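There are two complexes below, and they share chain A, which is joined by chain B in the first and by chain C in the second.
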Partner chain A sequence: MNMNSNTNNPNQGGFDQFGNNSFSIKEKQIESINRMLSLKASDSISSSKPGWQDVWKILIFDTYCSSIISPILTKGALRNQGITLYLPLHSDRQPIQDAPAIYFVLPTLDNIKRIAEDCKNKLYDNIYLNFASKLPNNLMEELATLTIQSDSVSMISKLYEQFLNFVTLEKDLFTLNFPKESYLQFNDPTIKDSQAQENIDSVVDSLFSVLVTMSVIPIIRCPKNGAAEMIATQLEKKISQHLLQSGVGNLFSNEMGSQLSSFYRPVLIILDRNIDLSVMLHHPWTYQALAHDILNMSNNRVKVDVTNDNVTKKVTYDLDSTSDYFWSANTGAPFFNVAGEVKNLIKDYTDSMEKLKQLTDVNVDLDSDDLSKVNENKSIGLGDLVSSTKEKKRLMDLHTNLATDLMKNIRDRQIDCFFTMEEAIITRTMFDKKELNSLITSPVVGEAGGKGTLEDKLRLLLIYYLSTKNIPTNEMETYEDALTKMGLDLTCLQYFKKTKAFNESLLAIVNQPSTSTKGASSTTTSTSTTASGFMSMLTGYQPNIETFASFFSQGVRSLLPKSKDLFVTRVVESIMDLKNTLDADYLYMDPKIQNKSNVPRRTTPFKEAIVFTVGGGNYVEYQNLQDYSKKSNKKIIYGTTELLTSKDFLAQIKTLKDHTN
Partner chain B sequence: MVWSDRTSEFGNLAEAIRRKQEQNGVQLSQRKLSPANQKSQFSYAAAKISRGVFETSEKLTKLTNMAKNTKLFMDSSAQIEELTFIIKQDIQSLNRELSALDQYVKSSRQPNKQTGDHSETIVGFLNTKLISATKDFKDILEVRTESLKQQQEKKDSFAGYSSNTYSTTIDNPSGTSKTEMRHRNTQTRDDNILYKYDEEEDYDSSAQEHSILMPTELTTTNYTASRLRAAENISSTIHQLEGIFSQLANLVSQQGEVIERIDANMDDTLLNIGRGHDSLVTTLYNISSNRSLIIKIFLVLIIFSIIFIVFFA
Partner chain C sequence: MKVYSIGIFKVTPGGKPVLLSIVYELSSFGFFQRGSVKEVSLFVSRETVGRTGVNERVSMEHTQTQKVCHTTVDSKGLGCTVLTDSEYPGRVAHSLIRLALDEFNKVHNESVWRAINTDTELPTPALEQLILKYQNPHEADPMMNLQKNLDETITIVKKTVEQLGQRGEKLEDIASKSDDLSFQSKAFMQNAERMNKCCGYV
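Up next is the complex of A and B:
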């Protein structure tokens, strides 16, 4: 039930005893940011306990850097670093006396100009500049010229490059959020060369930063041809150039001996989105992935429809796996389990409420002596209990609302049906053609017997098309006709038809799904909507265990995703375990070896990997990789240019098709 | 080493550009920015309080270690009392200073809103820290009270046998002398005499014991009295702390944004920007319509005056 890894991972301590070598990108990034904020240029800051603040600082950031900081550090955490104000760079800022300002920005011309202006206006005492990536020399010159003109060079106390231009969402998940519409950007044949080069440069730059932050020099693997190869070769060049130039004191060196870090070298697997497109269309069934796909979670923040007294309003929640134990335990859990867990959460809350009530309930019949004694004993720990109950209430509200909203969507669109069908198609198990037919051709949500939205139907059809080798033409036509009649734009399908030949050649590489999947074990209970129970849930917003329980036990299938590895996971497995199946198609690069003609191969399997998909990824893939890593006791960090929902992805495909015409 | 410091590079670059520009005849004012301009009274006071709270919390850790020490005969109550007193004084004076600072922030006119926010955050932050230190202090005092209680109970349970305990300890030296005597007298005296002698010896020793016991009892009473005083002290301190607590509590409630993210207001900001833009557009529209009206009026006026000048003057 509980997907928490720590318990079923016996060898985990083996890595953790090397303290610094913990393979968590989030930890490393927080460490780097804290060091930046402490204004001390020493590594020891993380080990010593937070000292006392006597310098109060102001943090100034641009939009991108705010998206770096916000998922990992809250205002409270920033305040503990002595940050009093957090202001966007491009906003109206007023002068503040005797406080240094820390700038955390991307090196762009706009930002440089604004910084120079601030210097000129002498807004702050002094300025600490931190650039999220490498500051090009021409921009540095620009900054110098501008500040000399206003005679304010001395305002700038320090100038650092921080190598932090990537957004960490979980301890093993990062995204670049750049370039926007990344699938389009990396697959558009009409794109300008300069633009394409710029995209690749920025991705290489960010990946370099990831590696610097992790202090690792990995071995790089990537498929031949395509954007992934270009990125991999440029990244390799960049690393080996850096190593050559800076020698021992390079950015990758850390306190530990180099032998140890070379022993624990991970593999960086750069993949092209095109190797598996169906996963981008697949309906998710795990908690986090559902929140992303249905409710459009972005940067760990989700907007939920909350219905209270028949008034529906949007409430924004932050999902932080470090402070929210429920979220961190259930991100990868199938939705049905989450529903059960939410019930437990509510029960937990009611229990502690009961306890609180008992404590505060003063019995007047007692003698006054007894009373004071009782109160004395009670008051100890009462404050802690209140605050813990308050925290429980917050979590319970959050997850009840989130789960309810997801539930509503799942029920309305019958995502469970789509999910089972798609999973059967992808894993190539037997499925009921009739059900497929009914799912695709039935009317949309809102009409009688409607199943799914047009988008859902399109996703199902595309998955069916992509994963099945020979589909009878008349069958395809039936579906297409039905969908066109409903007013669906089939441009995306045409795009896939074009590229299918290409995809098939790639699919051939894949070994057939190794894990034998059992037939759909889920028994469909009555899916007929029990409107009354549902409505009572919506109105009874205040946690009502009875309704919640009945709500989830009725009509929802107890679906559990079958253990199956997605294509990307199979590639990662075969590379990490040094299976030879993919050797011919995947390049092997080692930035540490300067002699490129003869690169010695590694002979022991990898324990750690960084997987990066060029052109977008999603939580389904991330979750699948994490499940694999837990199973095989490896550590995998998943990164992508952009976390895409199916909707975004389809929109990009559509634009792509329009461009190619 | 995961960052690179390019400060010196930047400094050199700036110097180079400055020289180049001076060579080209561009005169740059050589006005040096006065470095380390005088810290304001406020930030000085804030830093002082901050340091004070830090020192206090260090003293607290010391006190914790002492208070946890519950061994019966290794009592450091004098030190503990002294330290408790010092910390109490510290917290009270810090609290006074902090409220003065708060007053200062509230009363003095801030040059702008953001500076005001800045100072308020500092005061709020210091408050939270002071509160947590006060809470720690209170917890320690509670622990101390508990351990005093336990010690007292222990002592009470010992008190019943105390004379026995003392007698055994004091018996021992005389015991050795007895055996010596026995050695000396075994051959000359029979068992009875020996027994008698022993009795005498016993009597002697018990008299001795009594004389020793007297001062011990006296110290015990003294000791208990001092313990009572300590307990009273502690309870009064706790009482005073409660006052400070309630004072600070309302200030802390303002600091509830610990779990908020920095982009929390981003959406609002976007909305406001949109609104601002809209109203700007409306204003522009209004102004432009006004402008045309003014132009028209002036045109009419000018034509009228021309006609007036030409025909009637």
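Up next is the complex of A and C:
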């Protein structure tokens, strides 16, 4: 069996050349892009060593494709593929002779027009067109028409449809960045049918691309009645039809054959954002999530306030898990730990500098006979030491600045207090009501006794509202009055009030009142098992609230990190471990089975999952899933339509409320 | 004024009504809410028709959501439900029911549907046309005003949701036993009833 992973082979069904299953979407997308970029080489007649003239290529991209490439391929990596120049599509470009141009763009009319113009102006000798997703027929015809008119069809050497319309940020994190304002788009009651269908189509298309790139055909599970079900059903159909039409040569096939891949079939869990909204408002406490929520990290890039000699300027940093070992080790670390780790990083650097000083020190006894030998010994490893020290300095600067900026914000806004309170509320542990009151009704940061910005207070209040079953009216009024007096617009709260009936349905199960179930001997067993299943899911492993409360007193709060699975994580666990709690409400689809009326169920728990939330997601949810996957030794990839900060999410809620009036 | 669904059921005394055919018109609901609305519509239709006596005409209103379920069961045990909003004239709804039953019987033989014991969809294109036509009760039934006088002898039993239950059943209990509703919908109905804010999003 040929296990070499050379560029001409399609994806190896998730296996690397050693037969190890690497469930990494980042790796797979990089592979696909590299294959796309090296196309010229496979064309050339000379096989083993392309002459240096053949290698140099130009890459032309649009904004979306630039956001695909930048988080996963560094400039160095592009250079390794022979790309010496990369330019945006919609910019003025000079003609360059003797160089092939590789275009990597979305199939849109504007892009097609610009490509045709480039051809007309004969900017490059050979053009290789790569569209990130399927090129619709009408656009293909448009391109043909325009290029024929200018008699430049011959410039286009090849046209490819790639399956790359998604953005990978980590080896287990991806986002679509589309549709914009996805929570609004998938929950707006006033949305036009055609627009809603368009949104569904594009999400299905991107998910299809993700699966093709990873070369997996998963089992699909989704809750009933919502956008998730519509997307899941349409996706399953698309895969099913494709398998039927393409047979053996389908996009998912691999060299290993299908026997092994069925062993590793993952589950794709598509969820509606609505099953857990409080996570979108939760103040984070881990390094990466903080960088996102506080400093608006986007596409792994963040702008940090750096103060030197009383001058503050903004510095942009790229955060790359592959090249930054500190980042990679600490993305999920609680912030207090990070501060400690940064100190270690600084110490590491100073040690390194010391060593360097010693080696380059010219304080040598000139009278010594062993002069040459001394110099020799000292210069061994010097080059490596210099470059690694340089790297250490770079990381040290980066993380010191980043952590300092985060620290400043955390301290000013007292984010740790908000985080702790929210966590207690969400995990239903005891918390101090007075503290809650204080956090919400105290003045804003900047004033005497100020705690948090208005937005921080709103987030806490909303989480409290969403997570608590019966809040006394006067209590809510106290909070609302206090916030309104401070100038806060409570539209978002109005929206959640309206939809609370829906969300409360989950809470109702936790606090089963004994009266309604006592006399109802007619309650079927299936209802009670699902009820208790939900209960255990929501409260972790303490199904009885009374016993739970008895273990904790007001003052004692565990400082040790304990399992704090968020709701989505519990759902994922339930599905992966094949617990039947959700069967009544979650569909089970298998695109490989053509006879839909008789779908055999999986009998062994899933070891791998792709979890996708429709309508937005964030790093808090991502981190929670990663913590669970490490704990349970499973592999979980998290994806969403958009990674949203609380601010973005609240803005969408506000618009949504305006639409529902 | 809207008609949301027309459903045909086989009703057997003491048994659960079997769905034979159903059409929906839910464009007035948000695109992503229609799935849940369908579920609740089917549930309400089935439970109401199952508790309707033979040759009885019932118009059951749920005051909080301002929706009405009109039902009838003919002597053969064929039941029909029409869901409308509360503005829609009840008499027109019942004449629509009569028409729907006629159309169904034209296309499907009694022996066919008698034998069916699980939910199916016996295609009845005429129902699709009827639901669209009857969105405007005045246009669809120009005799409406005339009928009003003639129909005074025909009584329509108006019920409320509370009366739906037999032997002291509450709506919550009915909902929890129903297979039509997903777990989430059941819990939602339980809770929403308690809070008197049912279907606020609808």
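Keep this in mind: the second predicted complex is superposed on the first by the 562 of 661 C-alpha atoms of A that agree within 3 Å, B and C clash if a C-alpha of one lies under 4 Å from a C-alpha of the other, contacts with A are read in each partner's own complex, and residues count from 1 in each chain.
Definition applied: contacts are C-beta pairs under 8 Å (C-beta built on N, C-alpha and C of every residue); 3 or more make two chains touch, one makes a residue touch a chain.
Because the structure is predicted, anything quoted here is derived from the model rather than measured.
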Touching A:98 in the superposition: chain B (first), chain C (second), both, neither?
-> first
For A:584, using the defined touch cut-off, is the partner it touches chain B, chain C, both, or neither? Pick first, second, both or neither. second
Thinking of the overlay built on chain A, is A:189 touched by chain B (first), by chain C (second), by both, or by neither?
second
Checklist entry - First (chain B), second (chain C), both or neither: which does A:142 touch? => result neither
- Query: Just chain B (first), just chain C (second), both, or neither: which does A:229 touch?
  - Reply: second
For A:71, decide between first (touching chain B), second (touching chain C), both and neither. first
Output check: A:435 vs chain B and chain C. Expected answer is one of first, second, both, neither. What do you get?
neither
### Message
On the A-aligned overlay, A:412 touches which partner chain: chain B = first, chain C = second, or both, or neither?
### Response
neither
Max touched-residue count on chain A (chain B vs chain C) belongs to chain B
First (chain B), second (chain C), both or neither: which does A:32 touch?
first
Within the complex, chain A is touched by chain B residues 1-7, 9-11, 13-14, 17-18, 21, 28-29, 31-33, 35, 37, 39-40, 43, 46-47, 50-51, 53-54, 111-115, 117-118, 121-122, 125, 142, 257-264, 266-267, 269
Per the touch rule, the chain A residues reaching chain B in their complex are 28, 32, 35-36, 41, 43, 51-56, 58-59, 61, 66-67, 69-71, 73-76, 78-79, 84-88, 93-99, 125, 135, 140-141, 143-145, 147-148, 151-163, 212-213, 215, 249-251, 253-254, 299, 301, 316, 318, 320, 323, 380
In the complex, the residues of chain C that touch chain A are 27, 29-33, 35-36, 39, 172-173, 176-177, 182-188, 190-192, 195, 197-198, 200-201
Given the complex, residues on chain A that touch chain C span 186-191, 193, 196, 223-227, 229-230, 498-499, 501-502, 504-506, 508-509, 516, 520, 522-524, 527, 530, 534, 584-585, 660
